[in-house]
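Consider the two complexes below, in which subunit A is the common component and subunit B and subunit C are the respective partners.
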Partner chain A sequence: MSLDPAPLVQTAGLTKSFGSRHDLFGRPRLLVRAVDDVSLSIARGETLGLVGESGCGKSTLGNLLIRLEDADNGEVVFDGQRLTDLNERELRRLRRRFQIIFQDPQSSLDPRMTVRAIVAEPLTVAGWSDRAKIAERVAFVLETVGLGREQMSRFPHEFSGGQRQRIAIARALTINPDFLVLDEPTSALDVSVQAQVLNLLKELQERFSLTYLFISHNMAVIRYMSDRIAVMYLGRTLEVAPSASLFAAPRHPYTRTLLQAIPSVVRREPAGWELPIIEGDPPSQTSPPPGCHFHPRCPLRMPECSVTQPALAQVGLDHSAACLLYRVAPQE
Partner chain B sequence: MKLPAQLRPVLRNPQFVAGVILLLVVLFSALGADMIAPKSFEEMDIPSSLAPPSRQYPLGTDHYGRCIFSRVVYGSRIALRVGLIVVTIETVIGVSLGLLAGYYGGRVDRVISFVTDLTWALPPIVLALAIVTALGPSLNNVVIAIALVSWAGYSRLIRSKAQSLKNMPYVEAARALGESDFSIMFRYILPNTYGLIIVLATLSVPAAILSTTALSFLGLGSQPPAPDWGVILNEGIAYMHSAPWISIFPGLALVCTALGFNLLGEGLRDLLDPRMKV
Partner chain C sequence: MSTAAAVRGTRSAAEDQNQPLLEVQGLHLEFPTYWGVTRALNGVDLALRRGEIAGLVGESGCGKSVTAMAVMRLLPEGHYRVPQGRILFRGEDLLARDEQGMQRIRGQHISMIFQEPMTSLNPTIRVGRQIAEVIQSHQDVTRSAATARAADLLREMRIPDAERVAGLYPHELSGGMRQRSMIAMALSCEPDLLIADEPTTALDVTVQAQVLALLKQKCVERRTAVLLITHDLGVVANVCRQVAVMYAGNVVETGPVDEVLASPRHPYTAALLETIPERFHRDERLRVIPGSVPSLLHPPPGCRFHPRCAAAAPRCARERPPVFWSTSVCAGGDRHGAACWLLEDRDGNCGWEECSP
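For the complex of A and B:
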C-alpha cells in the first residue's frame, strides 16, 4: 500500500452487502457481497484507478467512499476524519470536500434545471447568497471546463454527451472539492469525446490539486489516467500496484489474463506473464466460490485455492497481490 | 418562439380540442353568469311554473316558475368551484404523503401506504356520506368529505414515481452535494412529477364534481334554493313526466363538464408523456 504517511482517503475492511436478510417467508436469503473487506488508501493528488468487470463492486466502493451508501462494516477515513462515524449534519458539512461524477451525464443532470441552476446549486447548498458572487463563480467554473457564458441559460438536453459531462464536472468543481470519485465518467461517450474529457480531467487535477478515484472497466483509459491501480474481482481487491508496475509485471493471474484480453493492433512481444485467455462469466455473486474467488477460472489454480482465501501480500515495491502463489515466495 | 411547434400536436388532437371547447363554454358561463342568465337563479314566477322551453324561458321553468337556464348557468359556478377546491385539497394531501412514502421508504412508507390502502378500499361516496352525516349537511362539509376520501390515487402514483426518481443519478448527485431531504423531495423530485400531477388533477375534477353533485342530489350538500345541479336534478324528479326539462338540462350540463375535463386530461396526458399512451 501507499507509503504516504497521510493519505487523503483510506478504507479499512470496508464491506457492503445487498439484499434483505430474510425473504417473504422468513427464510434466510442470499446476500450479494458487493464490496468485501476492501482496504485501500489514496494519497493526496494521486489518481487511484479502480478496474474490474461489470458487477464486481467498483461503483459501490466509490459510493461507500463518499458515503452515498452506508457500509455494513469497516471504516472510511477522509483527511483524518472517520466518515463512517459522522452523523447526517456533520456529513453534509463535509460533503463539499468530495464529489462524484457519474457515468451517464444524461441522467445525472436534472432535466428541469438550466445549466446555471445546476452549477450554482452546490453554492446554494453551501450557504452562498450573494447573487453576483454566485454568477461570477458559475461563469468561472463553466469556463474552466470549456463551456461559454452564453450557454448558461440552456437546459441539459440541448447539449451533446461530452458537453453534458463537462456540466457535471463543473457542478462538482463549483465548491472546490479535494476529492472526486469518477465513476466511469467517459464510458457513455464517443471515443473521440472520451479523450477530450479525460484530458480535461487531467488538467483540472493539476490546476486544482485534486485527488481522484477513477473507476473504469477500460484498461487503456485506466492506464492513461492512473498513478496507481487496484484490480477488483467479485467485491475483493486482488492486486494493487503503481500503474507502470502493474502493466509491466502483473502478478495476480486475474490481472494477467485481464491485460492479455486487451485487443491490440500491434503484435505484442511476449513479456513473460501471458496466460491463456479465460473464458466464461464471473461466478454467481450470491454464492461465490470458497477460497479465492477467482480459482474456478484460474489457469494456475492449486488444490489449496478452493480452501484458503488469500490476503493481499507485498510482492514488490508498493505492489501487492492476493494470490497464494505469492504467499510462499513473497520476494521477486 | 417555440410555442407554435409545440402547439401543433395539440391542435391535431380532436379530443383535446373538443375538451377545451366544452370547458371554455362552462368557464365562460361561470364567469359571465350575471350577464348570460336572463333572470336571477331564485326569482320565482309562479303563474308560469313548469312551463316548457319558450322564448322567455329558454330551458323552461321549474315548479316555482324559476328559469332553468339561469339556474343551470349559475350552477356552473358551484360545480367549477367545488371541483377546483376538492382537487386542490386532495392534490396537496396525496402528493405530500406520496412523496414522503416514496422517498423515505421503510417504516414511513409502510404506515402511509397502509392508510392509503385503507382509504382506497372504502367506497368514497359511502365514506363521504358518513362524514357528512357526522358534520351536518352543507356544501362545505361535502367538499371536505370528498377531498378527504379521494387522495389515495395521488399518493400511490406519486409514491411510485418518487421511488423511481430517488434513484436517478441527478438525485444521487444532489445528495452528494449535501442537499437536505426536504430540498431533494421538493426541488428535485416534485418538479419532475408535475406532468403526472397535472394530468391526474384534470382527470379527477369530474369525479369530484360528480360526487358532490350526487351528495347534493341526496340532500346532503347544497341546500335549496342554491342552483347546484344536484339540487335542481333532485327537484326535477317529481316532475320527470310532466316537466322533464327540469332534470334533463342540469344533467346535460354535468355530463358536458365531466366530459370536457376527461377529454382535456387525456389530451394532456398524450401531450405531456407520449409513452403513457396505450
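For the complex of A and C:
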C-alpha cells in the first residue's frame, strides 16, 4: 500500500497526568500519568490500532488526539496544524474534520432525541441552516450505515445495540470528517453483531477514504482492523509495528505475553491452559515501577531493567520496541 | 486432605459414576411482565458429570445466566414461573426444595462466582472474614480455625502474602485478587459443583488467563464439576472439555469441545464460529449473522434461529427441532447433539456418524 508521506495525525512527546499536585492540605498527591511521552503518527487512509489492558491510557490518548482533553506536554499535529496552539474558534472549525465514536451507544446517544435530530445535530453545530439540505444529508448517511428512512423519527431505545452503534457512526459521518477515533466501538456488542459493525467500518473507510485510530483491548479485532498497531502499557507505547509483523514476530516481552494470553479458538493449547501464562497483576498507576514499567512481570528481565527506562528503538522494518533487549542491536 | 478425599471417595462410589451430577431436563422458565410473558428458557437440557468442566456459551440474553440462577434458585420468588422441567442435582429435584433446604445446598454443595467480584463481596468486611463466615455457616468449626482456613485458601489461590491480604477490605485488592478471593470462597466448603458466571469478563486478558488457569487447576484437583458461563468461545476452547451452545432460550448444540469447534452441526454454532475476527485475513469481509437476537416476548415459532438462518426450510418456521445425536460415541463417552432439522436423515432417523478420537 502506498501511503501519503505526510501523516494526517502526528504526536510528539504527548504527556497527560490526572490528579492535582497537592491535596486540600497542601500535601503532595499521587498523580496518574495516563499518557507518558507518546510519539506516534497516523498516515492518511491508514488504521492505527491501539491496544492495551484497561487503564493503560488508550482512551486518554484518543481524547488527546482530538483535543477532548488538553495535554500537559507535547504536541498534536493534525494535517500540518498544531492542534495544541489553536484557540477555541479555530479549533471548532477544525473539529469538523475529526470525530469520535464511543464504546457504549446507550450512553453516547441522547435518549430524548430522535434519530433524525441526533444525526442532524453536528450539521447545525457546523452552521448548516437549509432544512431540506440537512434532511437530505441525514437520509444519505443513515442509508450509508444501513438504516432506513422510516426509522428516522424513532428514539434510540427502540433500536438494538448494533443499530444504535450504527446511529453513532452515522452521526460521526454527517459532517464528512477525515479522521475518526473509534474507542472500543464493538466491545459492548455481541460477536455476531460485532462482525456487522466491523464490516461497515471497513466499507466506510474505503468509500470515504477515512483515517482511523482504532482503540480496543481485543487483539483479534485489532489485528483484523489495523494496518499498524501500537501496544500501550501504563501510559507508554512499548511496541509499534505493522499488524502482520506484530502478530508474526512480536518483539516486546509484554506483547508476547499479551498474545499468549488471548483465549483463542484457532491456536489452542492441546490440553487447554494448565499454568498461568504470566504472574502478577498490572502495577499501580500512581506508583509505577521504575525503569521499564513491565519489568516486575517480565520473564526476560535483567538487573538493569529496574533502573533504565528503554526508549522505542528500531527493531525491524517500520517496527520499533521499547525494551533493553534490543538496545545493543546493531543499527545498520 | 486424605480424610476429606476418603469421605468424598465413598460418597461418589455410592452413586453411579455415570449418573450426571447435575441434570437439567426440559426446563421452561418465564417471567410475567407488564408487556407480556418473556419466555426466557424454552426447554433447556443440560447434563454435567462429577468433576467435569463444561462451558455454557451464547450471546447476551440467550438464557445462560437465567439457567444458572434457576439451578441456584436465586431468581426472585414469585416473579418467575417454571411451567415445565426439572433440575436434578444428585438425582434430587432442586425445584421441590424449600428455601431452607436450598440454603443447605448453596455454598456447601453448589457454589457460584459472579462476573463482578466487587458487587458480590461485602465492601465493609475484611476478605478473610468473609471467607471464614462461609466456612463457619456450613461447618462446625471455631472462628479461629475458620480464619486460619481462609488464609490457607487464599494462599492456595496463589495470593502472595495471604495472611496480610486476608486482613484487607475488597477495595484494597486488584480485580484479579478479588476474583481469586471469590474462587477461594466458592471452593471453601468443597462443593460438588461450581457455577462460574462470566468470571473473567471484567478482567484484563493477562489476568483472565491466570484466573482461568487457576480455576481449572483447583477444580481438577478437587474433582469439582464446573459450569463455566461465558460469551467467549476462546475461553471455552482453552478451559472446557464439554460445551453447550445456547440461543434464545434453547440449547442448540452440545458435545465435546473438540467436536463442536471442529465440526459444528447447528447453523448457529457454525455461524458464530465464523464471525470471530481471528479467523479472517484483513482483506476479507467478516461473515455475519444477519439480523439480531430475537425478543423473547415474541420469539419466532418453530426453531428460534430460523429467521436468521441461511439454511432455513419452511418446516423450521413451524416445528421445533428435537436434538439429534451422533450415533457413535466420542472419546470420553459423550455424544455430540444439535437441535436442527438438517440433521434428520431420509428415513426419519436421527443421528450421524462421526467422532474423531
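For this structure, a couple of remarks:
One rule holds for everything that comes next: the second predicted complex is superposed on the first by the 313 of 332 C-alpha atoms of A that agree within 3 Å, B and C clash if a C-alpha of one lies under 4 Å from a C-alpha of the other, contacts with A are read in each partner's own complex, and residues count from 1 in each chain.
By definition in this document, a residue touches a chain if its C-beta (ideal position, glycine included) is under 8 Å from a C-beta of that chain, and two chains touch if they have at least 3 such contacts.
All of these numbers come straight from a predicted model, not from anything done at the bench.
Superposition of the two structures on subunit A leaves subunit B and subunit C fitting side by side, clash-free. Of the two partner chains placed around the shared chain by superposition, subunit C is the only one that A:Glu53 touches, whereas subunit B remains out of contact.
Contacts of A:Ala168 after superposition: subunit B is touched, whereas subunit C is not reached. After overlaying the two complexes on the shared chain, residue contacts for A:Thr257 are found with subunit C alone; subunit B is out of touch.
Touch criterion not met for A:Glu150: it reaches neither subunit B nor subunit C.
In the superposed pair of complexes, A:Ser160 makes contact with subunit C only, with no contact to subunit B. By the touch criterion defined above, A:Pro282 lies against subunit C but remains apart from subunit B after alignment on the C-alpha atoms of chain A.
Of the two partner chains, neither subunit B nor subunit C is touched by A:Glu206. Working from the superposition on chain A, the subunit A vertex angle toward subunit B and subunit C, CA centres, sits at 80° in steps of 10. Between subunit B and subunit C, C touches the greater number of residues of subunit A.
After superposing the two complexes on chain A, the shortest C-alpha to C-alpha distance between subunit B and subunit C comes to 10 Å. On subunit A, the surface touched by subunit B in one complex and the surface touched by subunit C in the other have no residue in common. On subunit B, the positions that touch subunit A within their shared complex are 168-170, 172-180, 183, 188, 191-192. Of all residues in subunit C, only 59-60, 158, 174-177, 204-210, 212-214, 216-217, 231-235, 237-240, 261, 271-273, 275-280, 282, 285-289, 292-293 touch subunit A in the complex they form. By the touch criterion given at the top, residues 53-54, 160-163, 190-196, 198-199, 202, 217, 219-221, 223-225, 243, 257-258, 260-266, 268-269, 272-279, 281-282 of subunit A touch subunit C in their complex. Only residues 66, 68, 91-93, 95-96, 98-100, 102-104, 107-112, 121-122, 125-126, 168, 171, 175 of subunit A touch subunit B when the two sit together in their complex.
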